[in-house]
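Given below, in the form of structure tokens, are the structures.
Paired with subunit B in one complex and with subunit C in the other, subunit A is shared by the two complexes that follow.
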Partner chain A sequence: MDGLSLQWYQEFFNDSALRDSLFASLEIATVTMIVGTILGTMLAIGLVRSRAKWSPGANILMLVPLVVPEIVAGISALLIFSQVGLTLSIWTVVLAHITFSISYVTVVVRARLASMGTETEEAAMDLGATRWGSVRLVLLPGLWPAIVAAGLLTFALSFDDFVLSFFTTGEDVQPLPVRIWSAIRFGPSPTINAIGTLMMVVSISAIGLALLIPRLFGRRESGVKVLTAAEGG
Partner chain B sequence: MRADYWTRFLIPPGVWLLALFAFPLMLVLALSLGYVDDLGRAVYGTDWSNYAEAFNPTYLPVLIRSVGYAAATVALCLLIGYPIAYYIARFGGRYRYALIAALVVPFFVNYLVRTYAWVALLSDEGLVNNFLVNLGLTDRGIQMINTPWAVIGGLTYGYLIFMILPVYASLERMSPSVIEAGKDLYGRPFRTFLHVTLPQTKQGILAGSVLVFLPAVGDFVSAQLLGGPDTYMVGNLIQDQFFAANNWPFGAALTVVMMLFLSIWMIGYLRSASRDARGAAI
Partner chain C sequence: MSEAIRLEDVSKSFGEYEAVKDVSLTIEKGEFFSLLGPSGCGKTTTLRMLAGFEIPTEGRILLEGEPVEDVPPYERNVNMVFQSYALFEHLDVADNVAFGLKRKKVAKDEIRKRVEESLELVSLADRAKSHTNELSGGEKQRVALARALVNEPAVLLLDEPLGALDLKLRRQMQVELKQIQREVGITFVYVTHDQEEALAMSDRIAVMSDGEVVQCGVPEEVYEHPAEAFVAGFIGVSNLMEGIVQGKDKVKLASGQSVKAPLPEGCDKGEKVQLSVRPEKITLDDFERGMVTLEGTVAERVYQGVNTQVTISLGDGASVVALEQQTYRASADDRWEPGAKVKLGWHPDHCLVLR
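Coming up: the complex of A and B.
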């Protein structure tokens, strides 16, 4: 290596397999973000409001993925996919990522939901709103900063994830981190550093937004709270 | 508002987690009693020999080594992370938010890339050794890569933030007037720290230790990139069974044994987390 140049970035974008990997990773992270955020938000609302007898059981079911080492998660996902005969592809990666994003979203959204009362929703219903109307017009807008932050966190976690992707990806198009893994084992190359820097830009933008968005909604420090909540702090 | 309305929200995510998380975990348990047939396929069965093999003298040291490395990682994370969290929480002032963000953001640089950066630093012809040779401190450099310390260092670097965040959260919840009171009563800062601050942040320390310990035990990236065969961890062993040796039942058994090693920590953490959640919901 002599001097600075953008040669290795050019190499990255000229390599169509690497480009496909980048797009696959972005696609996986986007679908995971959307489905995971919807399911996780539903779970948070259900856990806080439902009085069902088995609701504490659902709470445990939600917490276990947060403490299980990722390799265990990867293996169980691999086993279920091979058991039901799903061919490994980027869609099996998506299924595995969604499963693990649900818990993170739930923890983040629940922290916000627990601090909100039900009075405004009851007032909305007294004024003639249907129950779903009160959820859509009062509850969800109140949760919105947490939902957006959780979604961005999920995007960054999915985009960066190596272990789960490693166990559940197919042979055709591999997500970027899996590609990096094989490249590193093949031998050092400046292209790896270029890929690493590109990935850094994507995930740092997502996480930077996740930290900023709750602030833009006028709640100081809640971005950090979002992350400390997500890490179980 | 009727309670059963809200129960409907639980059903889709609950079913998803049962089908794609709880049931697959049961499959791991079931397959650990299986065997590989003559065609090399994994078959479910009722065969305990995988467990006997997991505890034989070839593999048991790997399990113990993994727990040892993870424990050393927890200790290092606490030594490095606690002072950082402490100074930010107590003296960060209006920059606290920015300082925590500055710690969190680099954590989202891909773990593989971060570990790979250490390879470039520590390898035999790496930056550190080149520097030492140029200074004339050593002739051929010091072997740093492929040592236990490189692996533990990689793990510490990888999981440090999981210690800092919960410790920071517990320090922030603590009222500074308690420290003032402690100072008024004891005087010496160290005793105040030992008798006032430390007990008040016990929860944060415990949470941080579990959050570092659990992923560190199962990690295979650090040992693969920064270590060698002598520093293999149980994660490397498990991964080998699935991708190289093609012995899925034995890999499943090793996974179950690893989970048993971790179960006390997991259950303890789950109990305190579900207690917190109930408190938050009321």
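Coming up: the complex of A and C.
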């Protein structure tokens, strides 16, 4: 290797199998982000706002995915999928990733929700908004920065996840990290380095955006801190 | 005047706990009505029932004659000013104020006009485009007020709206609130635990204790003629002295002295009562005809600028507090040294016998 060159990036894009993996990974991350964020936000609202008997239990249950070693989660997911007879494909990966990401989203959104209190929603209803109107017009706009941040983090987590994807993916198209791992087994290649750099750029941009967006909205607490703490621990 | 709100035997329980007990009140149109009481006595719960956030366990609530117990908040013609202001942070000041009108699908031009008017009313016309987190506490308070008033509700509910402000701003806002209320003529139901605030602003006050309304009346009445020892103690400072009825208009104090006091109807000899006398009604070493006089020892003297607060021990553990004006005749600094003997007195009319 001499000097700087974009040759290896070109090589990567010329390799149709690798390119398909990249697109598969982006697809998985996007679907996970959308579905996981919606479900996680709904769960957070339910947990914080309902006075139901089961909500303390659900609160603890929700933290389980954050502390269970990923390899355990991966094997469990694989076992369940084979038990119910699902054919492994990128959709089983998506399913596993969504399950996992719901907890992350819930932690982030719940933190913001708790700090908002219930009075603004009541104020909206007092001013003529229905229950749903107060959620749509006041609660969601208030939560928006936290929701966007949570979504982007979910995207980054899903995009570069290896363990969970490894256990739940099929043979046809493999997510990029799994694909890279198989390639490395036959010896390192500069193309892999190029992909590594690319993946890092994508993940860092997502996390960077997640940290930046709440700031742009002028909010101090978005719950992102909680998440980074949870990840580090 | 006709009635704006009527509560009939309203109770509210949270599980086992009864937060509001059997409250009956009538509030007239255009009245500035205060709910006053110590923390936890059920003021907020009562207000939230009026707003529709809590449904009474028992009793009826009538708004301008219509029963509304089961009407949701968004269909009631009342608006609330929350203690935390509860402004919508993602909207600017004008959009906050316009929120209620937009829900009612008022025409755009009319919304703009009314928002302008109500911001004018609270002297915030130049902040219409400001973001809510750029505002000071007092300004947020005004936005919350404008946001509620712009809807021209039948009744405005205010839950300790000045609680978060410092004392000076609070005094200023009290005056402004009262002015605004006169100007718009809307019925205000005002929750506070600050008795001075209630006395200064209200047309009528309902004093609450432990979920019950213990007295309801105009400020002078509540202050001068408290119905119970609780009211006498809660509103202003009161000297409460234990005593036993001795005969017609005669009470023997626990500290031994016999004093003249106007007994309420049906007081029997030997009955235990409490005498209540306001500190400012007690004079020291300076009497008029017909006054009750006692002797005591000065226990403490606190100079307070406008007046001096003197605590006098009557013996046997009983003591009273007197507030003496600083007059041109006498300054406080060389009188009523602690330990000195002193004569004190009050007019029997200013003494209230509580059973």
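In this section, the second predicted complex is superposed on the first by the 220 of 233 C-alpha atoms of A that agree within 3 Å, B and C clash if a C-alpha of one lies under 4 Å from a C-alpha of the other, contacts with A are read in each partner's own complex, and residues count from 1 in each chain.
We adopt the following convention: a residue touches a chain if its C-beta (ideal position, glycine included) is under 8 Å from a C-beta of that chain, and two chains touch if they have at least 3 such contacts.
The model shown is predicted, which means the values in this text are computed figures rather than measured ones.
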Based on the shared subunit A superposition, would you classify subunit B and subunit C as clashing or fitting together?
fit
Just checking: does A:Glu122 make contact with subunit B only, subunit C only, both, or neither of them? Give me first, second, both or neither.
both
Examine A:Val138 and indicate which partner it touches, taking first as subunit B and second as subunit C; both and neither are also allowed.
second
Once the structures are superposed on A, label A:Leu6 by its partner contacts, choosing first (subunit B), second (subunit C), both or neither.
neither
Which holds for A:Ile184: it touches subunit B only (first), subunit C only (second), both, or neither?
first
Is A:Thr130 in contact with subunit B, with subunit C, with both, or with neither (first, second, both, neither)?
second
After the superposition on A, what does A:Asp160 contact: first (subunit B), second (subunit C), both or neither?
first
Give the label of whichever partner, subunit B or subunit C, reaches more residues of subunit A.
B
For A:Ala58, select first, second, both or neither according to whether it touches subunit B, subunit C, the two together, or no partner.
first
Included angle at subunit A between vectors to subunit C and subunit B, based on C-alpha centres and rounded to the nearest 10 degrees
100
Subunit B and subunit C, minimum CA distance [Å, superposed model]:
6
Shared contact residues on subunit A, subunit B side and subunit C side combined as an intersection?
122, 125
Which of the residues in subunit A end up touching subunit C in this complex?
117, 119-120, 122-130, 133, 137-138, 141-142, 144, 218
Flag every residue of subunit B that touches subunit A in the complex, lowest number first.
1, 3-14, 16-18, 20-25, 27-28, 31, 96-97, 100-101, 104-105, 108-113, 116, 119-120, 161-162, 165-166, 168-170, 204, 207-208, 210-211, 214-215, 217-221, 224-225, 235, 238-239, 242, 248, 251-252, 255, 258-259, 262, 265-266, 269-270, 273-274, 277, 280-281
Subunit B-facing residues of subunit A, complex:
39-40, 42-43, 45-52, 55-56, 58-73, 75-80, 83, 95-96, 98-99, 102, 106, 110-111, 114, 118, 121-122, 125, 131, 156, 160, 162-163, 167, 177, 180-181, 184-185, 188, 192-193, 195-196, 199-200, 203-204, 206-208, 211, 220-221, 223-224, 227-228, 231-233
Listed in rising order, the residues of subunit C that touch subunit A in the complex are 51-53, 72-74, 78-80, 82, 84, 86-90, 99-100, 103-104, 131, 133, 147-148, 151
